[in-house]
Amino acid sequence: MRAERLRIGIVGAGRIGRVHAETLAFGLPEAEIVSITDVDRGAARKVAERCGIHTVANSSQDLLADARVDAVLICSPTDTHAELISEAARAGKHVFCEKPIAHDLEKIDAALEAVAQAGVKLQIGFNRRFDANFARVRRAVESGEIGAPRLLHIVSRDPAPPPISYIKVSGGMFLDMTIHDFDMARFLIGEDVEEIYVAGGVMVDPEIGRAGDLDTAVIVLRFVNGVIGTIDNCRQAAYGYDQRVEILGSLGKIATENRYPNEAVVSTGREVRRDLPLNFFMERYRDSFAAELRSFVDAVLRDQPTLVTGADGRMPVVMGLAARRSYEEGRAIRLAEVAKGAVRR
Amino acid sequence: MRAERLRIGIVGAGRIGRVHAETLAFGLPEAEIVSITDVDRGAARKVAERCGIHTVANSSQDLLADARVDAVLICSPTDTHAELISEAARAGKHVFCEKPIAHDLEKIDAALEAVAQAGVKLQIGFNRRFDANFARVRRAVESGEIGAPRLLHIVSRDPAPPPISYIKVSGGMFLDMTIHDFDMARFLIGEDVEEIYVAGGVMVDPEIGRAGDLDTAVIVLRFVNGVIGTIDNCRQAAYGYDQRVEILGSLGKIATENRYPNEAVVSTGREVRRDLPLNFFMERYRDSFAAELRSFVDAVLRDQPTLVTGADGRMPVVMGLAARRSYEEGRAIRLAEVAKGAVRR
Amino acid sequence: MRAERLRIGIVGAGRIGRVHAETLAFGLPEAEIVSITDVDRGAARKVAERCGIHTVANSSQDLLADARVDAVLICSPTDTHAELISEAARAGKHVFCEKPIAHDLEKIDAALEAVAQAGVKLQIGFNRRFDANFARVRRAVESGEIGAPRLLHIVSRDPAPPPISYIKVSGGMFLDMTIHDFDMARFLIGEDVEEIYVAGGVMVDPEIGRAGDLDTAVIVLRFVNGVIGTIDNCRQAAYGYDQRVEILGSLGKIATENRYPNEAVVSTGREVRRDLPLNFFMERYRDSFAAELRSFVDAVLRDQPTLVTGADGRMPVVMGLAARRSYEEGRAIRLAEVAKGAVRR
Amino acid sequence: MRAERLRIGIVGAGRIGRVHAETLAFGLPEAEIVSITDVDRGAARKVAERCGIHTVANSSQDLLADARVDAVLICSPTDTHAELISEAARAGKHVFCEKPIAHDLEKIDAALEAVAQAGVKLQIGFNRRFDANFARVRRAVESGEIGAPRLLHIVSRDPAPPPISYIKVSGGMFLDMTIHDFDMARFLIGEDVEEIYVAGGVMVDPEIGRAGDLDTAVIVLRFVNGVIGTIDNCRQAAYGYDQRVEILGSLGKIATENRYPNEAVVSTGREVRRDLPLNFFMERYRDSFAAELRSFVDAVLRDQPTLVTGADGRMPVVMGLAARRSYEEGRAIRLAEVAKGAVRR
């Protein structure tokens, strides 16, 4: 499509829905939010007021039936994503959907099939690809600045674990938290993974173990092109949100540091210190949330492919399932064991 | 005044006017721009369209006569500031004015007198006080984290000199560029300066010298409380915008680094390197421009004193005049030689 | 024993023998070198002259028969270590031996048995334990500064691979290069490893592969106490010698950077850069070579246990054998599969 | 002269004498200490024993009369330097003398005259020129890496002031402490200073003021070639020894950081911190003390000019006298006001 302004409907007025609404309303003149809906009508109304959205739809069905809506943002709970994608596609709407599409490959495949049939655009909310640090690392790989990649190391640690109630419905750490790192690994190396080995454990809170999950893990990735990667995950880091990557290539390495609220260093009689890094993902990745929406709106308005496709949404789920199986069986798992046609060499 | 939303008029639709308009329109729901004007009507109209401003006034007089306008942002050229402040004050409007108020103390004093008579609020656009780094340094001083300050060092270097045509009307480096650092010095130490010594020269471009100005200087400040400060200024830094401060106190020091577009470090066979710091003041100080407006809007809506007063706008001009005289006469100049009652001990 | 000065004999006048001789001669007044020997007599004579050693022995046997010799430094090729340790022990000499003791556990066990029988002291040359950075990390773990360790990450990359001729006799990367990291892992966590998984490959030079070795690997370590560790090895890093560790604990993390020849940072119109890190292990670890000898001399003179025991020399070989098997079989290997009684829980 | 080994006599067995003796004895095979003397015979004997020096001379006269002595190291108190230089020169000995030569220009000129007459070599102990950081900065200037220098900033702060008893005989802060920075300024820019302005005060300890000295100062230097420099001095820095420089040139800048005992960074729930920088000048400048002696020994053995000449020893004293006068008179002082022929343009 070619339009001046993309008219958007938002399904889900929780935290991430609100963030996206504000970005669109106050930061993206190329887009206009025409409708919003949420099972919690009050939440939808509040966002609508703040962001000047004229319509609060009664349901996602109503919102999708609205002819003014060119594209939808799916910001509702994970278990509704796949079905909403299909419905939106059938309604001819372009779709931006938060990750993950689903915890189940069949549901994902059905949704992707609907998108393919409808010929609409789909972008998955792997916002970190749009972060200045990780985008810079990707450029270093793509441009050959560090030569052919050999080793990748991703550190991804949360400040604190979510409540046990959330953990129980989260799909497990690999599908809830590591899924971002699985996407990051594929994005940075520009290649698929074919085998995964996990060494993990419950080190933060035994309750997490009792809920059937783990909270700390090292995940080893073997890429199709021979690159070896590690992901270092922990649900808790006392000093806050820790998000770094390092790639060793044949001509050098590139490594990123965390982002900080300021660049001030204090030296006292006891130590040289600085304030803790940005602690909350909303702060740390603020710019990337805006950038991913800008990218989506651009892709639709200019009729270009989106930068994070449905296939990009599916593969991290395959990786998460393989990781889980590796954790359970104590051996390396080939992605082909988990999903047919998982990796095309 | 106590209102839900502050209704604002903007005089001047140039670069800084546009930035402020976007901040208000897209980032500050507590404010509403009701009118804008510029001698270049096209520029005003363009900003109005982008930011959804309904009225483009024919003149600043018209804008000030508009009863809906609670407060004005003065973003027009420096030589209009003082008179506009007075007119706005007489019209009962609160005023946010870009720095400097004027190059001439009499004009400044007349404007401040008008503000005092009208009882309106006035905030001067020393945005750097609202920067996360410098605000952190100020907190370290105020809280006693580094003890009693002894030495202050400000590095403030521009990426490249402005055109000679601009330099000729700029009021000279001290009133155009150093004025920010004079304000920063007073802000960080929380005290006035009583004597200034300058060692300066023309090192960047002889044309600047022929225009009667200098382009490189060290300015030594003696504060009333005995603290000694230095400002290190250059109109050109090959590596970009360099904005740092360091304070030595009795219990330690605090020092800030520049801000960078990313935290990626590349190691190759030749060197360990990172990308250049943020180069453009609009990028480097983006957040501080938003924060100063938020602070102004808050101050007016809650009827609190503004954080950068008219007196704060006047003193850096006194310091600039003293610096210029020191440069010309090759000796330390007491501020009292330049302005009566310059410093109250 | 209690003596004023420890009288030392050195077997082996190659690179490391020379370094140790200079340390003893010029930096350790508590020690005196009374004899040196090498199959290359000229080499021994050269070191003797430079360091003021009066006796150049005809053979290690002669040196060990010298009654003046209290202790020997074994700096000869690896395949002579185990037998020389036994001979020295039987001659009643204390022993400092370069790593590894042998590539073969039976030989190691025989040597350790001889040491135990003779009641002499034995220290293995894992010098990195004495490096200021790694010693600081160990202190952070021991003191509880970062709480209970959860994840360990060791980066250990050489500037360039050794010649293929050396690789063929090196015992393989795990016993030649990673062995230092295996020791470091045990030293830093203060605990043994029970299982090892390796993902490795030939990425630097296919000749290394043809010689039956690998050049790049990620080694996952599971410690007895549940900690998970990774070692990131590469035989080649374009930017030089890369030696870092990071530990995540329940209360925080500690991470070390490389050491640099200077702390100068250059900012130009292209980048912000610094010189490459110390490139050569002799420079990077200079102080640690001196510190390990000082520690050995102290331990003997004060009759204290040495800080790197025979058991500390044996376990990294076990780990290397397990790593090799994991690489060959593509599965995690428990140390107990490789050596009886490998780990005492 | 051309010799295999330089035979050295040391006058003064205090702290710096001991350091130099150990460097020569244990680290410089090209030199041999043949004699040492000190008014405190016990001190001399102790160093002689530790360093294997066979002769403890009764007096500096005896030491200078010793025909075996090729060169002397003058490590006695400042007020003896000038006379000892003259005596040594008349005895035909090459001289390495600690800074400053004297507090008095006439005495300095007499000593330099004696050296010139005798044709012996003289090196002054400005060890910091041999520090890896400052040498790197000098290379950046010399090689044109940062273009033509414009601004120099030296930070030089001591961990704590010396005892008042020492301050009274020290010649004042400018001749005792800043003298190193005056030399550094000349060394880094490769040019002489022609005017000095000082803003200083007593901020650390009022006792220092009562002793007629100051403890904190900013010193502005105008170089003959137009470069402007600042020295930031304080007798006390809570966080330890602070020794940094920064130069802005037409093509970039170079800046050095302090040196640290390790490169470990600890992140906790409160802050990101590292240990304090090297605190004691003996540690911080350890390598430079060895390097300056190596340079002196080389210069004599190869009959090359020394790298820190008598003129280099004189000029910082002139600068110190000018600084003192500026502090007293509150105005910029041209070096020509203090010393005839101070600066040759």
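Order as written gives the chain letters A, B, C and D; numbering starts at 1 within each chain.
Assume a contact is a pair of C-beta atoms (placed from the backbone, for glycine too) under 8 Å apart; a residue touches a chain by one contact, two chains touch by 3 or more.
Note that the structure is predicted; figures quoted are calculated from it, not measured.
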Shared interface partners, meaning chains that touch subunit A and subunit B: C, D
Most widely separated chain from subunit B, with each centre as the mean of CA atoms: C
Between the pairs C-D and B-C, the one where more C-beta pairs touch: C-D
Repeat of the A-D interface, chosen from A-B, B-D or B-C (over half of contact pairs identical by residue number): B-C
Centre-to-centre distance between subunit C and subunit A (centres being mean Cα positions), rounded to whole Å: 43
Separation of mean Cα positions, subunit D and subunit C [Å, integer]: 40
Whole-Å separation of chain centres (CA-atom averages), subunit B against subunit C: 58
For subunit B, residues that touch 2 or more chains besides their own: 237-239, 251-253, 267-269, 275
Residue ranges of subunit D in contact with subunit C within the complex: 25-27, 29, 50, 132-133, 135-137, 140, 145-146, 251-259, 261-269, 275
Subunit C-touching residues of subunit A, taken from the complex the two chains share: 147-148, 150-151, 153, 157, 197, 199-201, 203-204, 216-218, 220, 222, 226, 228, 230, 232, 234, 236-239, 242, 248-253, 330-332
Subunit D partner contacts - residues on subunit A that touch it in the complex: 237-239, 267-277
